[in-house]
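Okay, structure first, notes after.
Just so it is clear, A, B and C label the chains in written order, and each chain counts residues from 1 on its own.
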């Protein structure tokens, strides 16, 4: 593509921007589920830098009661979290996750893809039946292929639904992820330079 | 309601265990709780002190003559071994190195604590359907798929050519139908022959002036075979003086 | 309510206006069905002149791809009507015509207007209704009146779309049998169907 072509294209896009933003809004609003860039492009056409436009649109919605958010590469509208008190059904029991389920979920989220033996090693107990099922039923955890090691154990990972449910744009937004990584706590083996634990033994 | 005997679940050994150890999800969980009673910063805990705390806890539980699950006892034995290895003068041959084992234990405790913490933070985040809400009944996106058919003129013409070629072949089939069937030839020859007992050339029984050469050949062949058939049935006799000589036919009594 | 109360209320409302607008947005967005003023008040409380606020909100959404609209006293968000084509865009799927369809098309092109029994006679095989439907869907064949013979059978002919697709300026541009023969097209393809005797029965 020549420079002239690029310029012409850019001009066209600039002119079409408001219309494109409107189309983006409408497509994401009408979608039955969070949509990827590809889904959006399939509906509005491959025009301009959709990712940039989406971020711009999200910004314009930020102060509103409805927000445009990205969850694991998928875009959706949702209500602003601070307005929950207007929207919560008066009496609805939140289904409590068991402690084992929460722990298993965080192990999968921070270590994915992770095998069941690894989950058991980290938690120090066998994963009881019903824990992973519950997480899969909630749509937060999925089987993620087999590891190419002896026994070819099944691995687990989180889903876009997990990110959406916990209002995470991506796995990078997992709370404390960077710190845990820096501390070597997401490795499978202790880092060699880990402080000696029995420094107090000779005190 | 509480008096209903059926409301009281039966006591089982497992439940006895729940009373004492049920607060923990296994030995590692118990170790983590003990470590936290030592220090908030798990990186600073004393493994030797932790081992002592664990062994003391198990001893007390035994003193209460509670059943202790096997995995707690296995951990106790392993920790007792680790303690003795750590207290012995350093042995460079020791495999695995007890210091590495201690390091690994500490790592596991830190990792478990980190995951617990992460789980709590995760649950503290705004959650879909509780803090944030999406549209209840979106229309959904769809595609109206329209078919566009693609056929070339060459394809169109060659196919038409093929139909025409097929049809000209079928005309050929029609011509082959302009034959004198054997049944027809037998019936005709028998009728023409009548009761004639004079030898007559077979060719004289052929219809004259047949414009269609193909049909004429068919009639000739059929009439010849009909003559053979009638002879076989004993209704006619055939005679030929020599090869390629005229074939003579007559009716037979 | 005293005038002083009203004034205080108005002041409070003015301060709370942006928050109230956000709450309105969120409530209408998250509702399972269009909501009445009463429904909204039940969620955000009886504050200020909801009807006026709603109209204001609707105005702020008017240029967007999502509009806030009132239908019979119920409020709802919906996509802007002019964007419908993005929500169900037409997608073209290129399809190949079946051999039977191409044959039928060629017979119609060479013999139009032609009835179905005539097509069958020429092709030597029965023509299924679906075949002609496909040709009509492609926009190449049209019904061309009834033949004034017993049974008044429907006749078919080609369309201008047919000529356009095959780059023909008129049907006279179709090569004649002699041309086909000269081009080697008469023997090009062996007939796939057996030359059944009945193909000649009607000649």
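Just so it is clear, contacts are C-beta pairs under 8 Å (C-beta built on N, C-alpha and C of every residue); 3 or more make two chains touch, one makes a residue touch a chain.
All values derive from a computational prediction rather than experimental measurement.
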If you average the Cα atoms of each chain, whose average lands nearest the overall Cα average?
-> B
Of all other chains, the one whose Cα centre sits farthest from chain A = C
Roughly how far is chain A from chain C, going centre to centre by Cα mean, in whole Å?
-> 36
Computed distance of Cα centres, chain B from chain A, in Å | 32
Residues of chain C that touch two or more other chains sit at 26, 29-30, 79, 87, 89
Per-residue overlap in chain B, given as positions that touch at least 2 other chains = 133-135, 139, 141, 143
Please name which positions on chain B make contact with chain C in the complex.
-> 133-137, 139, 141-153, 155-167, 169-171, 173-174, 177
Tell me, which parts of chain A touch chain B in their complex?
-> 27, 29-32, 35, 39, 42-43, 67, 76-81, 84, 87-88, 94, 97, 99-100, 102-103, 105-107, 109-110, 121-125, 164-168, 174-176, 180, 183, 185, 189-190, 194-201
Where on chain B is chain A touching in the complex?
-> 25-29, 43-49, 86, 99, 102-108, 110-112, 114-123, 125-135, 138-141, 143
For chain C, which residues are in contact with chain A within the complex?
-> 18, 21-27, 29-30, 43-44, 63-66, 77, 79-80, 83, 86-87, 89
